[in-house]
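Following are the structures in question.
One chain, chain A, appears in both complexes that follow, with chain B as partner in the first and chain C in the second.
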Partner chain A sequence: MSVVSTSVATAGGEIISSRRSAGVWKQVAKRLRGDALGMASLVVVLAFVLLSLFVALGWVASGWSVESAVPYAPPDFLGPDTSPALKIEQPTGPMLDLSSVDPLAPHYADIDKRAKELATAAKPKLLTLPFGADRSGRDVLLKAIKGSEVSIFVGLAAAVVATALGTFLGALAGFFGGIVGDVLEWFYNVFTAVPGILLIFAFAAVLGRGIGTVVVILGLTGWTSVYRLLRAEYIKHSTREYVLAAQAIGTSRATRMFVHILPNVSHVILVQMSLNVVFFIKAEVILSFLGLGVPIDSVSWGTMLNEAQAELILGKWWQLVAATVFMAVFVTAFSVLTDALRDALDPKLR
Partner chain B sequence: MVPTLIGVVLLVFFLFHFFGGDPAVIIAGQGANAKQVALIQQQLGLDKPWWVQLWIFVKEVVTLNWGRSWATNEEVSHIFATRLPATLTIMVPLTLLQVLLALPLGLGVAYVRGSLTDRAVMITTTVALSISFLVYVIIGQWLFGFELGWFPVQGWSQNTGYNLIRYAPLPVFLAVCVSLAPQTRLYRTFFLDEIGHDYVRTARAKGVSEKSVMLKHVLRNAMIPILTDLGTGLPSIFIGAFLLEVFFSIPGLGREVLLAVNRSDYPVIQAFTVYLAVLTMVVNLLTDIGYKLVDPRVVLK
Partner chain C sequence: MTTLLSIADLRVSFKVGKEQPFEAVKGISFDVPVNGTLALVGESGSGKSVTAMSILRLLPVTAAISGSILYQGSNLLDASSERMRELRGRDISVIFQEPMSSLNPVFTVGDQIAEVIRLHEHLSRRKAWQRAIELLEEVGLPEPKQRVSSYPHQLSGGQQQRVMIAMAIACKPKLLIADEPTTALDVTIQKQILDLLARLRESHQMSMLFITHDLAVVGDIADQVVVMEKGEIREQGPVQAVFHAAKHPYTQALLSCRPRLDVRPRRLPVVADYMQGRILDANAPQRTPRVDGEIVLEVRHLGKRFELKDGLFSHSYFDAVKDVSFNLKRGRTLGLVGESGSGKTTVGLTLMRLHKASAGEVLLKTESGPKDLLKLSEHDMTALRRRIQIVFQNPYASLNPRFTVAQILTEPMRIHNIGGNERERLELTAAMLERVGLSPGALWKYPHEFSGGQRQRIAIARCLTMRPEILICDESVSALDVSVQAQVLNLLLDLQDEFGLSYLFISHDLAVVRYISDEVMVMNGGSIVEVADSDTIYRDPQNPYTKRLLESIPKGLQGLAIPAVA
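Let's turn to the complex of A and B:
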């Protein structure tokens, strides 16, 4: 993501000189700006990322876990729940005097005093919230925002891990070939022989739960698609004239691989990474839904959907809608952005 | 194939050996003392060096004798034999319906490319795909099973035929609905690739009917990428099956693996991973043979 946003920002800030031909990224930014749908999706994606950043900094939705309303408080526009709720009958009559048998009787005064010292004012529970509450009375809207932070972070971080791993291995395999290439190719075959979700399950079984763990699991299992493409690109580029010229002036292999070739294949990496983000977000949602993802004290779109399944039968639809809308908007915007990026970067159209 | 299989076995072994928790501690449970744990370690051969353990593992793979599940003490081979029919009852109708519906739809959409129908399908697909599969199943199960009562919400019986007409329709229907749009879009691109070729123009120029062009020329040539897609997708249909089985309480393989992951039941997960890798390779081989069937020009090495 950072690559996209910076290239757009610099291109927007500078006036492109008419004499010098514009750089590749400037051309890409220019083409992207001509794509209205692509720009709109970029704005949406950036808004979500910014929102996630604010949540991470604690500026927004930091009180998502506060049980501020009654359980299943409906959204404001529906008004408070008027259906006859189950009422627990309060016992009437005088309190039973147990002081003759109660061993704590001599301490009653002391207990009362201590209780007063620690008294907490119970806030009255709200009857409605802007978009309803979940089973424990937490604000669904805040949960969805907090969940966005977790899901988007997992998606982006896992995509970075997977792309870095896939790029590095693909570069090695494509550039060196020979035994290195054969070994990596074997490695690739092994990882693709097992269906992706099963590999994720196997990794989840041994690595346990947690946000960091999900990132590691998705990163370690999702590098294969990047590897495949990058290997092909490196095979193609390593015999190109500019690389041979670099070799002739005595640059090291590492320099040729990562300084000379890498910028020339970066468009492939970028598109593949954005495809991975969408895939990983969906995978995280499924993992969290199944209880293999984020820990219990956290919230993601997946855990919200998990709760929503039981709530829907009770007619409490708002959590399902909130999680679905947040996820659908972000994923649609990201998919459209990926398509726009691919169009802007496609060397065939250039 | 063999080197890859060796690789999968090594991957599974090292993953569980070096990153998984101590199996003896998992089996012994929370109330166990050090002596009991040591005893189980001895029983499982965990006190031996890793290459001896690897050899034990390889023997398990080759003889297909995975021992017993740690959680239920059921024979792992018995788990597979009894859970596979349920998975197949869902997967076979699902795959057939998917292909049989997506083929004509893809062909049709490709034929009217650029039209309003075509664009509508593309846009719907993008939006529809961004909503999690989970949401469709949650709503579908609630709507058709709970609210309307057309299907049982969940359940399974001993009789395959009865399962097929009573319990399988809702999960299969929902899965087909969700996968139809992306599948149609994919097939559309396959057909479009072919329609752009010269032989189609030639066929049209010499006056072959449109029906013949699409059904004989284009369809036959597009079968290669379609077959590849089917081949690569077949093992991963298990991802849909995992979720369907969880939602609809279907006692299939996917749900069993998920239970195993939750119980840290390593033998079941290991066996499933290796089996599915073998299945993937067999399917790949069958796909290659399938190429030969649909395209006589393909030469098998």
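Let's turn to the complex of A and C:
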């Protein structure tokens, strides 16, 4: 179906070489470029996606699990922790001489000499980090960056699964109607009758932990909103004249559904998908917070928030802030981008 | 005659984005007389509606207006917004084209009429309601006492337009602006509404500014006429003078390019003929209906029944098409006329199997004898689809907006294996585009880059790529401007001669059907009430419904000589 740049000889033998004129997508890009806020959010979202790609490639934040600082090392701008709670009591008074009863006493000189030969370079634990450290002294900033990889992957992958499922079922129900439509409607009604979070728990309990599981769970439970909208769009479009015209020239049902109608409802799909990305990132946080999400050996914004609840009692707020700021920036930028896309993608079907 | 409203050097431009402002009205001047009707005529994009809306200052804020609109000596363009609110509805009122969308669906019609009265005349609720009933009676709505508390959707289109008129005359305005008030209505209803407007204008001593694209309607209703094109006035003067001695070639073209009931030239004159001063022979041979010929499509007792759900388990039926039978002959045109809801479009869709038929046979003549299209398997039907094609009404909706013209035109060829490879198909497509009057450069454009007439040509070209034998034209020229309509009708006639096509021409427009058809069927309430050759049926209708339909046609243009080229 792609006829991009070609030259054609007319009946008179004249050669016309033309290229495709400004298409729908070019216009979309043009409209989007005119929207400053939309462009800014696009930059932020792209930056996040690139960041998580670099993390996945191991270029950034690969050392997130190194315990480089003292436990709960505060951020740089607060200075080292000087509160008495962490200071070990130093004994006062003269040292007691135990050499007469210590069986190792004759060997101390030898032990010291050998130890010097080995030169163990025990790295001194840092007292502060740019954004503080967690309970085991891991850098919170690196954790948040590493966490964005999992969170964004889960959000995007689950949204793709949910949107594909919802689009396919919605297209079937809306295009065919009748028995097919009725059966899918009943299925949809039963599915939405169960509270969403309960459904997620049920799936999580059956499937066990893991990033793949989270994607599958969210994908399987999140298709309903896409389905509902796409079904309505397909009902509307399947009686439009351009679809009747396509039927009149003899196109198959599948062609009409996915070649003719799908591009014309793509704006609904894209907007729904980006709404789902935001929702699924939040859902992953909730799942991990409740201990049903990603495994304990990896980190996501959700697990960080989960840890933060215990730390907050001790007054260690930086892990909570780091995770929240990362999540808030990404989710807000994505929502703004969604709005801009909705405006830019709406085809002027007159 | 004294002047009620005087417009001088009016200019309106719209600023869209960062582009150059678009000038919709370019310095026009005209006067609306006291107690008279002035018609503003033009095709789409001529600026006629913009002019009307600028009188009431109802244009969007992006519009820049200059010039002067003097109403009883004061310039409306300088008036305060309080003053304008006083004037709107009380001194100057408007009727819009679409009654359904100009009435608020959540209020009863009585509420909406009473609102206007209470706003401007400060009557009590009870008195305003009483007045609303009187008004509904005046505009001829049957059973006004019951109808006053009905909602807009419970009324028919004509009744809704009567309600709109009642609202407009509620405060006895001095000027009534009617913006295409009958365009969305059936021809019999149009006649009633035009008569009503003329009567009310007379009895209320109002002035009327009547905006329309239809010159025939102008002849029926107006005293003065202003012809607009592209934001400029081409010609103005008394209706009789303009109709009988049009000076501007554009006016001459508009007057003659609309098909008429009394003459039938071989080819309709188009605007370009007049603009370029091409000589038209007024005595050229007329087209005559040809009723002979070999039958290519035979429809027997076709029926279509829609099931309406009344409740969970009960349903009722609605017969959209009842026992329709006809024959379509090779190289001939069969016209199918009827008002909205008569089932004419359903006939077209059902015999192409775009709707499932409930009864009957559709026999298509093929090499291996006649085949009943309604009984074929999906696979066999696909193979036969190329022989019978359809051109829809709305060229804006019938082309997929996400496809290039090349994709639109090569898709049917790919399905039916026409042309050996993609390159060959593109060459065929380019030739086809030239045949329908578009340049091959159009191949790489998207539908939104074309005007309505051009899109309809693309839709016709899409059908022609399959070399069909039968073309169903479902209101194919109804959405087009008259000058474009003439071009497309000429094209259809040329193509019929060239390819020997048979047309089933479905339309509500009696003049167009009369012009293009050899035989005409009249449909009413799902049944065919009369069939005859197109001369006979218009000269000597037998069925009372046909008679009523023909009487309702605006006669404004009849009897005029085709203007000779200046």
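As a convention for this text, the second predicted complex is superposed on the first by the 286 of 350 C-alpha atoms of A that agree within 3 Å, B and C clash if a C-alpha of one lies under 4 Å from a C-alpha of the other, contacts with A are read in each partner's own complex, and residues count from 1 in each chain.
Keep this in mind: a residue touches a chain if its C-beta (ideal position, glycine included) is under 8 Å from a C-beta of that chain, and two chains touch if they have at least 3 such contacts.
The shown structure was predicted, so the numbers you read here are calculated from the model rather than taken from an experiment.
> One more residue to check, A:Pro263. First (chain B), second (chain C), both or neither?
A:Pro263 sits against chain C, while chain B stays out of touch.
> Should A:Val331 be classified as contacting the first partner (chain B), the second (chain C), both, or neither?
In the superposition, A:Val331 contacts chain B only.
> For A:Leu292, select first, second, both or neither according to whether it touches chain B, chain C, the two together, or no partner.
After superposition on chain A, A:Leu292 lies in contact with chain B alone.
> For the three-chain arrangement built by superposition, which of chain B and chain C touches the greater number of chain A residues?
B
> Pick one for A:Phe203: touches chain B only (first), chain C only (second), both, or neither.
first
> Figure out whether A:Val194 sits in contact with chain B (first) or chain C (second), or with both, or with neither.
first
> Under the stated touch criterion, which partner chain does A:Arg33 make contact with: chain B (first), chain C (second), both, or neither?
neither
> State which residues of chain A lie in both footprints, the one left by chain B and the one left by chain C.
Of chain A, no residue contacts chain B in one complex and chain C in the other.
> Going by the contact rule at the top, pick out the chain A residues touching chain B in the complex.
For chain A paired with chain B, touching residues are 186-187, 189-191, 193-199, 201-207, 278, 282, 285-286, 289-292, 301-302, 305, 308-309, 312-313, 320, 324, 327-328, 330-332, 335-336.
> Would you tell me which residues of chain C are touching chain A in their complex?
17, 349, 352, 354, 382-383, 385-386, 389-390, 392-394, 396-402, 404, 406-407, 410-412, 415-416, 422-423, 426-427, 429-431, 434, 440-441, 443-446, 448-449, 459, 462, 466
> Spell out the part of chain B that touches chain A in their complex, as residue ranges.
3-5, 7-8, 10-12, 15-16, 19-21, 126-127, 129-135, 138-139, 142, 146, 235-236, 238-239, 242-243, 246, 257-258, 260-262, 264, 266, 269-270, 272-273, 276-277, 280-281
> Residue numbers of chain A touching chain C in their complex, please.
By the definition above, chain A touches chain C via 1, 3, 6, 8-11, 16, 18-21, 23-24, 34, 240-242, 244-252, 260, 263-264, 347-350.
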